């Protein structure tokens, strides 16, 4: 599991999704009650597989001499409230951050989006001053969950969120899948921004039936994309 | 032929035109009644020459244990209706997709465009709900053909199309040429978008006589660009 | 110290922050009264560690056969007026230069910015004709200091500035840190520009309490990001 | 001389200024009455030093079995009318092409521009239909010269031009310098475009005295940038 998490973390700078130490990947083992996560602020070039930090489900360190990512409480909330996910990724990838800074979700403007995200990737509300000051990282997790609950979204059908003023979180059943979702989110974030330079948001919006077609071409029992 | 198709497919990620598995190249042998195409959803790093799938002209697999690209029915329609083309490429290349998401064709704003595309690269209409639900990939091919017919365009003079909400298809006499057309389309798509940041679409439009000059400098019996 | 400065200079083109010879890094040793700086106009590929120029605190060459960077007087002013900094970097990095050319400071639009810069990275006023003609590089230093004084900004809390019509200067306690600040400035400069394509400047602005949270998560006695 | 021209040509794709075969570099030897230029349409990967074509001053091939670049007549006009230049470069580099497609010159928005180009890099007028049809490449050269004459510009002080609807030409005393000017033009073209996203063209314009300062810091008898 450490190996998986280590390699998924290394993929982030390689794919251009992370500069410096701005990102982290974790994985949960629900049977053992363990989370493995990147250590906080360790440069990717120096990071070793053995540096991965093992915590319990509340983020308390069980193994490893390094501090876990300071975002560990956010990961814990997501694992608790989204019981079907197996891995979480956070980055400051450029284009997704632009949407976060603008406080906007990313609508489904094309089939590239629809192939992975079944509708708008939502943007959270601002955290209140109290939420930020009292328990920031936990509240970040909570506001993500609140966003999915209020909009009645399925975190498995839309495995990504934009945290307002901050950046993206994505998830998946494995670290590799969660990282792939980060990469796809970044790609559709850039394309959506530039599409709006060419036409209005309304004109760019994909018809619902085409969203359905592409999403279910790749997901669910009637999927027929790829090999089986 | 497998080798040709395999290498043309590999060129796509190398040229930055494809991320993950978002693209495919096929080639037709009209004498033998065969199409060779990339398998569906196979990562480029793992793909072997022997993984290329051989189908008949209706897309039915003749050789290979993998499923062909799910876009094979679109390729088949294009080969049937554009009898002079020898290869087809589909990608989700970033800038061409932006035009697709905006639902706009790419006008000839400069000689870079005119050297390859003799006029606007057209954008298809939206597919109807029925077309999407009943026979999506076939209808994608049909709407491309419809677009060329209605606008009275010659697919050899404009070897590319933007499928609305989706992305580009290009073609050529060989896989290498079809892939090169994808690369050129991506380049002119980016430049056209940014040109419109500097001046209006009308101001950017190339005079018809300059379009003629550049296109026929490279194509037809009076061409004088390159070596002979 | 030459080694430090040499390696920090080499990092600039590697990180895409410098093309040709458009950048320089210096370091000060306040105990010895020495500054080490890149030589002027020497291509990075040919530059040797021994080419680093050693000057006194007024920029007079003490060691080395090459001329120091023509920006040395600006560095000297910054070292004199910002007594706690240990290194200075100047580049023409693309996105920061765009803000310089537009004559605008870069507001804190997100946590990526807040993690490093405690508020707007300010833009200087235009230098007057006399300032430019009489003692340009010294006046460039002075107008940076004037900007920080007039806006009552702490150069340690905002280790960067945009010089109007010109480009960014950053600083830090070490060359490595000053260069890292250049890289971060470039990243937030690009993201801020694109964020304004998605929402108004006002809508993009980070709440003050979130700026505080992120800045002090990484700086000061209550910091808890990273390892200790 | 072939070696010089060959290496300068190879630098273009390496620096990202040229895709496919879209560019060419030539050099003149005025004493011998010779021009050396890239062959037309030969891929950079296959091009050998011996493929460089030697022509007389009217572009007639003296040595080499390949056709010279189809732009050779433009180069000849520039050499004839700008008697102090030693090398010419033409590319379809992305950002400079955007300005060409928009039909706009590139104003001096910053010191990066002023360090190399002493004022606006001008854009030519449209060629007339007759000019395009009768002697296109010669007329392209003539309209460049006309632009410099009408605006009373010195081609040594502004070693670049934007040909409307087409792309940039640059020049210099050596192929290396002319290629460097292409690279700088591309950089300032991109920065100018993005600067206009942040402020109006008027707000971005550099004061004349700062243009003077930076240009003459690097050029002329009072230059003090670099080593001597």
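Residue numbering begins at 1 within each chain, and the chains themselves are lettered A, B, C and D in the order written.
Convention: a residue touches a chain if its C-beta (ideal position, glycine included) is under 8 Å from a C-beta of that chain, and two chains touch if they have at least 3 such contacts.
A quick map from chain label to UniProt name: A, B, C, D = L-ribulose-5-phosphate 4-epimerase.
All values derive from a computational prediction rather than experimental measurement.
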Interface of copies chain A and chain C: same or different residues on the two sides (over or under half shared)? different
Looking at Cα centroids only, farthest away from chain A lies chain D
Rotating chain A so its CA atoms sit on chain B gives an angle in degrees, to the nearest 5, of 90
Expressed in whole Å, how far the mean CA point of chain B lies from that of chain D is 32
Listed in rising order, chain B residues that touch 2 or more other chains are 197
Here the pairs of chains that touch are A-B, A-C, B-D, C-D
Seen from chain A, its contact residues with chain C in the complex are 19-22, 39-42, 66-67, 70, 92, 94-95, 97-104, 126-127, 129, 132-133, 136, 165-167, 193, 196-197
The chain A residues in contact with chain B across the complex are 109-112, 180, 183-184, 187, 190-192, 194-195, 197-199, 203-204, 206-207, 209-210, 213, 217, 224-228
